[in-house]
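As written, the chain order gives the labels A, B, C, D, E and F, with residue 1 at the start of each chain.
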Amino acid sequence: MSNRLTDMTWKEFASRTADTVIVPVGSTEQHGPHLPLGTDALIAEHLALDIADRIHGIVAPTLTYGYKSKPLSGGGPLFPGTIDMNGATVVAITHDLLRELIDDGVRSILVLNSHFENEAFIVEAIDLVTRETEGRATIMETNWWDPLPTDVIEKVFPEGGFPGWALEHAAVTETSLMLHYEPGLVHLDRYRPEPDARPLAYARYPVRSSDVPAQGGLASPLGSSAQKGRLIARSCVDAVERYCSTEFQSKDT
Amino acid sequence: MSNRLTDMTWKEFASRTADTVIVPVGSTEQHGPHLPLGTDALIAEHLALDIADRIHGIVAPTLTYGYKSKPLSGGGPLFPGTIDMNGATVVAITHDLLRELIDDGVRSILVLNSHFENEAFIVEAIDLVTRETEGRATIMETNWWDPLPTDVIEKVFPEGGFPGWALEHAAVTETSLMLHYEPGLVHLDRYRPEPDARPLAYARYPVRSSDVPAQGGLASPLGSSAQKGRLIARSCVDAVERYCSTEFQSKDT
Amino acid sequence: MSNRLTDMTWKEFASRTADTVIVPVGSTEQHGPHLPLGTDALIAEHLALDIADRIHGIVAPTLTYGYKSKPLSGGGPLFPGTIDMNGATVVAITHDLLRELIDDGVRSILVLNSHFENEAFIVEAIDLVTRETEGRATIMETNWWDPLPTDVIEKVFPEGGFPGWALEHAAVTETSLMLHYEPGLVHLDRYRPEPDARPLAYARYPVRSSDVPAQGGLASPLGSSAQKGRLIARSCVDAVERYCSTEFQSKDT
Amino acid sequence: MSNRLTDMTWKEFASRTADTVIVPVGSTEQHGPHLPLGTDALIAEHLALDIADRIHGIVAPTLTYGYKSKPLSGGGPLFPGTIDMNGATVVAITHDLLRELIDDGVRSILVLNSHFENEAFIVEAIDLVTRETEGRATIMETNWWDPLPTDVIEKVFPEGGFPGWALEHAAVTETSLMLHYEPGLVHLDRYRPEPDARPLAYARYPVRSSDVPAQGGLASPLGSSAQKGRLIARSCVDAVERYCSTEFQSKDT
Amino acid sequence: MSNRLTDMTWKEFASRTADTVIVPVGSTEQHGPHLPLGTDALIAEHLALDIADRIHGIVAPTLTYGYKSKPLSGGGPLFPGTIDMNGATVVAITHDLLRELIDDGVRSILVLNSHFENEAFIVEAIDLVTRETEGRATIMETNWWDPLPTDVIEKVFPEGGFPGWALEHAAVTETSLMLHYEPGLVHLDRYRPEPDARPLAYARYPVRSSDVPAQGGLASPLGSSAQKGRLIARSCVDAVERYCSTEFQSKDT
Amino acid sequence: MSNRLTDMTWKEFASRTADTVIVPVGSTEQHGPHLPLGTDALIAEHLALDIADRIHGIVAPTLTYGYKSKPLSGGGPLFPGTIDMNGATVVAITHDLLRELIDDGVRSILVLNSHFENEAFIVEAIDLVTRETEGRATIMETNWWDPLPTDVIEKVFPEGGFPGWALEHAAVTETSLMLHYEPGLVHLDRYRPEPDARPLAYARYPVRSSDVPAQGGLASPLGSSAQKGRLIARSCVDAVERYCSTEFQSKDT
């Protein structure tokens, strides 16, 4: 049986409400000249399916539209194809989805986020639902970057070239994950070397076109590989499996 | 090049903003013992891709969570796996998506709905966006049932057995479409004949479990076939192509 | 004692909370050259009073402003005098009203709608209130067209000329109801024959002035009569009385 | 031609958009043992019609559900039949109505309020609409008590017995207005003398049943008469006619 | 130990949840040529601290941004420095604050308002929170003007010159309170005599610059003194102490 | 003249709208056994005043109630005295404040945040206002930790003991800042050594009391000093002055 909720009949789902439901949350956002607009959503969905294999989880349909891409990160409205949801919209859809899962009897939910800007709004929805339902379900939120141990980062950037997460937009980690999961959608040949973006200690509005490198990525994707992507993915799945075991265990016994 | 917005880089999308963008809107809802929870979303997405082939359109990521399944239709909260969004949530996500497309320069948008209950909320979002943007874009909303001509319905129900659209939930038309598009997800063998639901001239809350047949469908899916599904799909695509030609033509010339 | 809640003192109302409260919902919308802007509200209120006579019900003040008139139906913003509420507004007012009735001890509520576009938003309010109050009250929603049996429609359109409900805006059924209930407000002499509107299988925004016949009605009102109006009204009242008997009976015993 | 917008065809309304539109706003609220729940709405509507006669204005359908009755005034949730709208709901409906009138070309609007608690929310709606429409219309808000000159109050309370506006709920002024406008709905014989409420310099929640006299009125209605009602009404109409002449004059020339 | 919640550690606060928490609510609004923009917030905070001294209360951080200054009162958008919150914003922040206090175990809350326009929105928040928490806490709302007895007003305006509260914006009472509490921020020398504003029996939008005297005050502040301010303050504190004793007593025993 | 907007008359403010307005945003949140609930708000306000001295800026009243303290950070609802605003409330108040400043003619605004959890909601408000006002003003958002250069962190944690920002709640940096700005409110003697919190790569709801050390801080405040606080403050002010010079310069010339 598939682990995708989409593919299950209601009776199949009804027989598995004791399993953890995984909600992938991505975005539709420019990812440089070489990655598709669906990069975040695709990564979240693939990772969710891999985690589901490990923990016999159920993968809910991916939230493919995410919170606004920040001006000094993805460039916000500068690039066509970036589709920015308002914060209230992200809260609303996440809220309704979580509430319905809980009302259906689900007690362990993992929200897997692959677009940094989503985080605060997802967590707000989790908080609101937790209050409303008086904590009936355990809800965990994580992503694929925070769980990575230092040694993995060192392997991905063997010569110390890690530019910091703030610049890892359409750069080595995302490109490697896409080469691992969706190689047919990666066009590294279209990338022309240009200077990395400069991380700032502040946000400033309105955005100016010079805030983001012309091609859209913040740091170079050169050096990406499917092997690195597999390493990142496996490392993330390992860690999340551990977190689920810690946090959801009391529910399973 | 794929017509899926998800698969495009931002530059590919930027080169095609004069094309019509198609937004498939579905639901995650019980569809009897034989069809998957994602039935509506899958049908909407497949049809959108077929229409895109005809009109060189772009298919945006499908809205896979829809408005509440009505008690006397899909059974609302009676069946696990039905994930109901509040009306305000459907309006919000549709609004933000349409607004972003328009702000990116898109001027022709087709919203293709496959879950009846979504309609009023989708149309509210279209109305709000149209007012905000002073009618800069032409936005059309339709589905796969309203465009079907009488002769197609007669072919699908050759002996006059059409129970009316109100009962076509998880019944012959949807099952046929799924046999055409996703045969691996159809399990007609799991269906046990039971009496059709009785359409009512009113809605009544709260729902009672006797309101909907026990398996979840409103009318029998027996008599479904992939050929009927293909006929319905082609008939819908033909009609929508015509509507696009009528309504969006001034934009293309 | 009057059945109008407006006319009762609070003590009179307090003595009747076991009765069904009927909430008429109309609109303020153009209805061609011959019917007044209040047509929908007036029809809903008259029918509600007739139903109240039958079931010893209480008629709450009519909601006289309704959801937006659809572009391809009433013409939306094309005609001065149409006053369109946003969807969220219709949900809010219906919600608050239902909630207050339930908090006052009412357990049987009938929402009687006479403007098609209201339906989804009324039902959303009913769903929200039902969840909040954990189903304490039974709430029914209907209108005057869905309950009509086929033989009544055949009597109203004796020569098979029923244009379908989609075109029955300011046409024979509404005009007949107004001739029955408010003959002084009907000016059939002002109507100039013009071609019927063409029903479409889609919605398209923004509206264009050619979408609706110049006078505002969608089909000809010629052939209307007070007798037909009385027939429609009585048939509706008969049916709704039956529905109340079925759905509210457990409350009355 | 009637001055009620409800009774006009859209063409009649279209020919009069230069006239002032009057929006009566009332409430559905307990008014003691002798006045009906619709007292506020009825008074607002009658006064609006009288003002319309004077200034050739148009009376929009009355907003019959108002903001919450305050605990230490009408008694809020203590009395069945009081139907309290949330503040946001009153703002929404007033906003949408004003916006639609302005979009239809109306430039002079008078909001006539007869339920004190409505005021702040009505004015918020006026402020929001004024900002949105950049002040295209002149909107005035008033009621029937603020315009009354001292000599009228002295005539209504000839022996100095005016208890202050805070206690004039279901008391002499409202009862007199109802005796003038709707004598058939006044049941003074049902009133049993009881001590007046005590006005407080603060609000306190939650309400306690002892906060309001048992019958619901705050001060005695004894001494009311239709003549006093007529005096109040005429005095109000006179004043409002003057205000309209001052504030809307630039529009009329 | 300070009575300011801001200054307490969480353990200090935890030991005092049986005390009354006082929430000062002010505004940031023009107050003529001689008083600072923070006048309302400063007065509310000082009075709250004085009341806290009397009743061993806790003073929560002041809400320094209030509801819109009315056009015919403070002049709304006419004067730079007036910072107007929308009604929904005032409701939201007051709601969240009250709810958190109640969830922390507080059962007696006094909301002390010093900006008239705030009142309806504060009270709406109190009502909403009271319903949500089923009346777990007693919440009182008052201000500094309603509690003043007649003899205090006569002492402040010894020769009968009280212009009425509607004109007491940046006039004698507020200026005296500021001379008492914040003399360094009062610049009476900058005031140039100009005619008082004319109170109106209606509100009219949009505001016109002639609606408010050019300097911003509605009546002359001449005749203000610190002694009068002290008298007003003490009189207010005396009264509020009495109200607290009446309304909160059942909680303390 | 004071740089506090609160202390200015409207005329003083009107003469300075070309200056940068600084909006301090804090929180009311438990800060261990030794720091007051107002820590964040006090730090934000002091820093804002120091920055204003440097750039001749205006300090708006501090937003003293912030977004929810995260469960695995400040402990959310575990500690009395933490007052959590909903996300929508933080967006609303920040939005309204920014909008009013812009409408008053201000073109350079600095939002200075001292509570990490506020950031996403502040930035959402800035984005919404920027769209509404079509980028009329330049709005910068920063805090006191992101601008700190590495060498300052090394001086504050001379022996490499920096536990990471995730644990710097009521720890050395905040305690040092408070010793610098508000020494009278710091009670280091009340702190009893306990193990640091363990930073997690995920969020989990509902919070459990074991998630946060019993006293409320996440890492030890021992080693704090007023000198370190002054160093952090000066370093922050230096950096922010530079950012203002870069980002706002075009406005000043």
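Some points to look at:
The rule is short, and it goes like this: contacts are C-beta pairs under 8 Å (C-beta built on N, C-alpha and C of every residue); 3 or more make two chains touch, one makes a residue touch a chain.
All values derive from a computational prediction rather than experimental measurement.
Minimum number of contact steps separating chain D from chain F: 2.
Comparing the CA-atom centres of all chains against that of chain D, the greatest distance is found for A. Copies chain E and chain F of the same chain sequence form an interface built mainly from equivalent positions, shared numbers / all numbers used being over half. Put simply, chain C has to spin 120° for its C-alpha atoms to lie on chain E, with the angle rounded to a multiple of 5. Between chain A and chain B, the centres computed from C-alpha atoms are 27 Å apart. In whole angstrom, the spacing between the mean C-alpha positions of chain A and chain E is 48.
With centres taken as mean Cα positions, chain D sits 55 Å from chain A. Residue positions 86, 88 of chain F each touch two or more of the other chains. Note for the complex: chain E touches chain F at residues 4-11, 13-14, 17, 28, 30-38, 41-42, 60-62, 64-65, 77, 79-86, 88-89, 92-93, 95-97, 100-101, 103-105, 185, 187, 190, 216. Interface of chain D with chain E (complex): residues 68, 70, 76, 86-88, 91, 117, 119-121, 123-124, 126-128, 130, 135, 138-142, 146-147, 201-206, 239, 243, 247.
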